[in-house]
Amino acid sequence: MLTDLKDAVFKANLELARSGLVIMTFGNVSGIDRRKGIVAIKPSGVAYDSLKADDIVLVDLDGQVVEGWLNPSSDTPTHIEIYKAFPEVGGVAHAHSEFATVFAQARREIPCYGTTHADVFHGPVPLTRLLVESEVAADYERNTGKIIVERFAGIEPLGLPAVLVAGHGPFAWGRTPADAVETSVVLEQVAKMAYATIVLDPRLAPLDRHILEKHFLRKHGPDAYYGQKKEERQ
Amino acid sequence: MLTDLKDAVFKANLELARSGLVIMTFGNVSGIDRRKGIVAIKPSGVAYDSLKADDIVLVDLDGQVVEGWLNPSSDTPTHIEIYKAFPEVGGVAHAHSEFATVFAQARREIPCYGTTHADVFHGPVPLTRLLVESEVAADYERNTGKIIVERFAGIEPLGLPAVLVAGHGPFAWGRTPADAVETSVVLEQVAKMAYATIVLDPRLAPLDRHILEKHFLRKHGPDAYYGQKKEERQ
Amino acid sequence: MLTDLKDAVFKANLELARSGLVIMTFGNVSGIDRRKGIVAIKPSGVAYDSLKADDIVLVDLDGQVVEGWLNPSSDTPTHIEIYKAFPEVGGVAHAHSEFATVFAQARREIPCYGTTHADVFHGPVPLTRLLVESEVAADYERNTGKIIVERFAGIEPLGLPAVLVAGHGPFAWGRTPADAVETSVVLEQVAKMAYATIVLDPRLAPLDRHILEKHFLRKHGPDAYYGQKKEERQ
Amino acid sequence: MLTDLKDAVFKANLELARSGLVIMTFGNVSGIDRRKGIVAIKPSGVAYDSLKADDIVLVDLDGQVVEGWLNPSSDTPTHIEIYKAFPEVGGVAHAHSEFATVFAQARREIPCYGTTHADVFHGPVPLTRLLVESEVAADYERNTGKIIVERFAGIEPLGLPAVLVAGHGPFAWGRTPADAVETSVVLEQVAKMAYATIVLDPRLAPLDRHILEKHFLRKHGPDAYYGQKKEERQ
């Protein structure tokens, strides 16, 4: 069932591991079949080098396993909340990548300081609030998803395809599982450069809005002119 | 004698080297056979790429060599003190990994700033005191073990499976030699992220206790739900 | 047509990717045939591991494609402005390499703090001004080239073979596409070391001018004595 | 002539490149035959991946080439001054490795903050003064050697087997070319950790002298007990 989706999710998980963004088993990628309402996700706590395409678990939007013999990632309810709130999203990736996690730990948004950022993120990378005690006590992972969605009120999710969960780390997304991993990689680079930029000048103003707009729009939207064929552009 | 233990210790030493946590020969992993009271440990000053399983040295809990033609690691008495004080521990790893050593040199504990830390360490990573002159003059390595044990008064060793020896570097442990290496890897990542978090915000408060508890307990203890089968969970 | 130039540009793009200076497709190298007035450049948004020599696009100095079935890099007009203003330049490279980009984002020149810098750059690495809104609205990439050229008024381009575009990142050049990549690699190392030097001492004075001159001139110009044969020296 | 020495120097140069301490051709290792008074050294500006054992150049202690068809490293006179002043030294290595160079650029000694440092360096890593204009104008490389020797008045060179040349970078040495490379690797790690330690606590006092002494002496001198056989200890 859904062999293509499981294969795409399997490959995206391997790509996440290969990119150096995860240590141990601290990361997961999922994808969704919108027509069937089924999410494919990495099993919990399985080492990347022993992972097989067949280990990918299928769950419905209530988090019930519909196929697979392993437990799905413990972060599955967070992924599901993102899919339910953002209909354009087809893949979600989560990794405790170093500098994105540092901003999440320091509870700071990542300001847009340069065009590398503006190429992918149409503004600062948002930060959620911390969960209160009752939100942690029950349905912790689902509530993590809910505060992400809460933070994106009025924000176009594909224009800002990542979030920092305060005290935890980043979630990133895109039209496909592979896109979500690619965004995770760029996010980490952007976070690393923002960190060092802040060290050099703690009071630096963000990039002028007209340059941010230009860079985002030359890659995204109806007038984009970066890359090859419009149809293949993300 | 104890071929399986020697093999596990040999493989854990190679994994430590592969993880990039050691330079030169500055690192060692040991394991213990609790019934026999025998510790298997890396020989002193032997390069990782020429190390063989047969080079692993067996010592008793008085530090006397019971098998092997090489000198055991000069840190052997430190490992032995840890084994004697912490009966749940089955493996110990020591490496001068960069950021854990930086905290040890700066004589600062590693505060818990995020869930990556809380997944493995049930509180800040403890720091020992410095050794006084007489403790250095005689039985230096054994005294290093003693100040580790002294620092853990009232602390559950598997809940906080690492320590920073002031002015020196980290020791980490677990149920097996492989676990001790895995903890060393996570410790280094946690230390690296804590370092950059402090640079971004030197006055940041640690993570809320209820989030720390949640993350630790979803991976450890009777109500853990991370990973696959309870029996295989560490 | 121009098979040798296309091959040199192809290889220089692969070398840029191998050097670790680019993430995703964020980088491009070009080369010029001065007699024909033709520039060879990487196609836009094509992954390095699927790039073939035949994908390299040929454009004239008005930016019109004269050979190739793919769109040229969106940065092509910037490269062309550099070629038009600096007749000694035979290759141009652009990458969002981490620390050079950090200086561009922080809008700081890279001061000369040591002989590694002086070996390649005959003074601080210059920074452009930011583009104003009208310069971004139309002909953005060409205007990026124009502010680079504007900044180099009175500077010998092969004596200072790189620039930081404010809020964006570095462009580097040389007599050949391979030289431009080599300069990019040294620039990144120099930027990384200048960053940490500033962290250690934010008020440090630059290297004495007589040492800078010595190091630059022992590698460049008529009295150079570094390396092997004068004819092969860049 | 001196095939074994040339081979040892060749291999040590490759090891230096493999260790990640050099970019481009910015590094060189030499060795000396004390009875013949001949130094073997890397040729100037030759890429490491095309270097052959036969390319190693032999020079006498006046810097005259006695065998080889390539120019010796431009730093040859610096190496020679070190050999002439320090009779115990059998190999010298020079690389612009990142953090050792950062300390040289910031013109700071590397304080001893931990036992990793004390294992190899019997005190802070010394810094030379800057060369004055006349010392740069003529015999620059020889004068670089002279200020190294000047700085080591009263210091035992094998007890402190490295120096930072102000505004330039480190030179390291040992009984053999391989030892010099090994010291370079440890120096870089020690510098990297000292850097981050200073960032965490700019006013930190160095490690207590009795711990420094203990660590240095358990690896060096008549009472050393680290490693395997006394005869093989460096």
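First chain written, first letter: the chains are A, B, C and D, and each begins at residue 1.
Heads up, the rule we're going with is that a residue touches a chain if its C-beta (ideal position, glycine included) is under 8 Å from a C-beta of that chain, and two chains touch if they have at least 3 such contacts.
What you are looking at is a predicted structure, and each value in this text was computed from that prediction instead of being measured.
Novice: Rounding to the nearest 5 degrees, give the angle of the rotation that lays the CA atoms of subunit A over those of subunit C.
Specialist: Between subunit A and subunit C, the superposition angle is 90 degrees.
Novice: Over half shared numbers or under half: where do the identical copies subunit A and subunit B land at their interface, same or different?
Specialist: Different: fewer than half of the residue numbers at the subunit A-subunit B interface appear in both copies.
Novice: Measure off the straight-line distance from the CA centroid of subunit C to the CA centroid of subunit D, and report it in whole Å.
Specialist: For subunit C versus subunit D, the centre distance works out to 33 Å.
Novice: Any idea how many Å lie between the Cα centroids of subunit A and subunit D?
Specialist: Here the centre of subunit D sits 46 Å away from the centre of subunit A.
Novice: Which parts of subunit D, given as residue numbers and ranges, touch two or more other chains?
Specialist: Residues 199.
Novice: Every touching chain pair, please?
Specialist: A-B, A-C, B-D, C-D
Novice: Touching residues of subunit A toward subunit C in the complex: what are they?
Specialist: Against subunit C, subunit A makes touches at 113-116, 119, 182, 185-186, 189, 192-194, 196-197, 199-201, 204, 207-208, 210-211, 214, 218, 225-228.
Novice: In the complex of these two chains, what residues of subunit A are touching subunit B?
Specialist: Subunit A reaches subunit B through residues 23-24, 26, 43-46, 70-71, 74, 96, 98-99, 101-108, 130-131, 133, 136-137, 140, 167-169, 195, 198-199.
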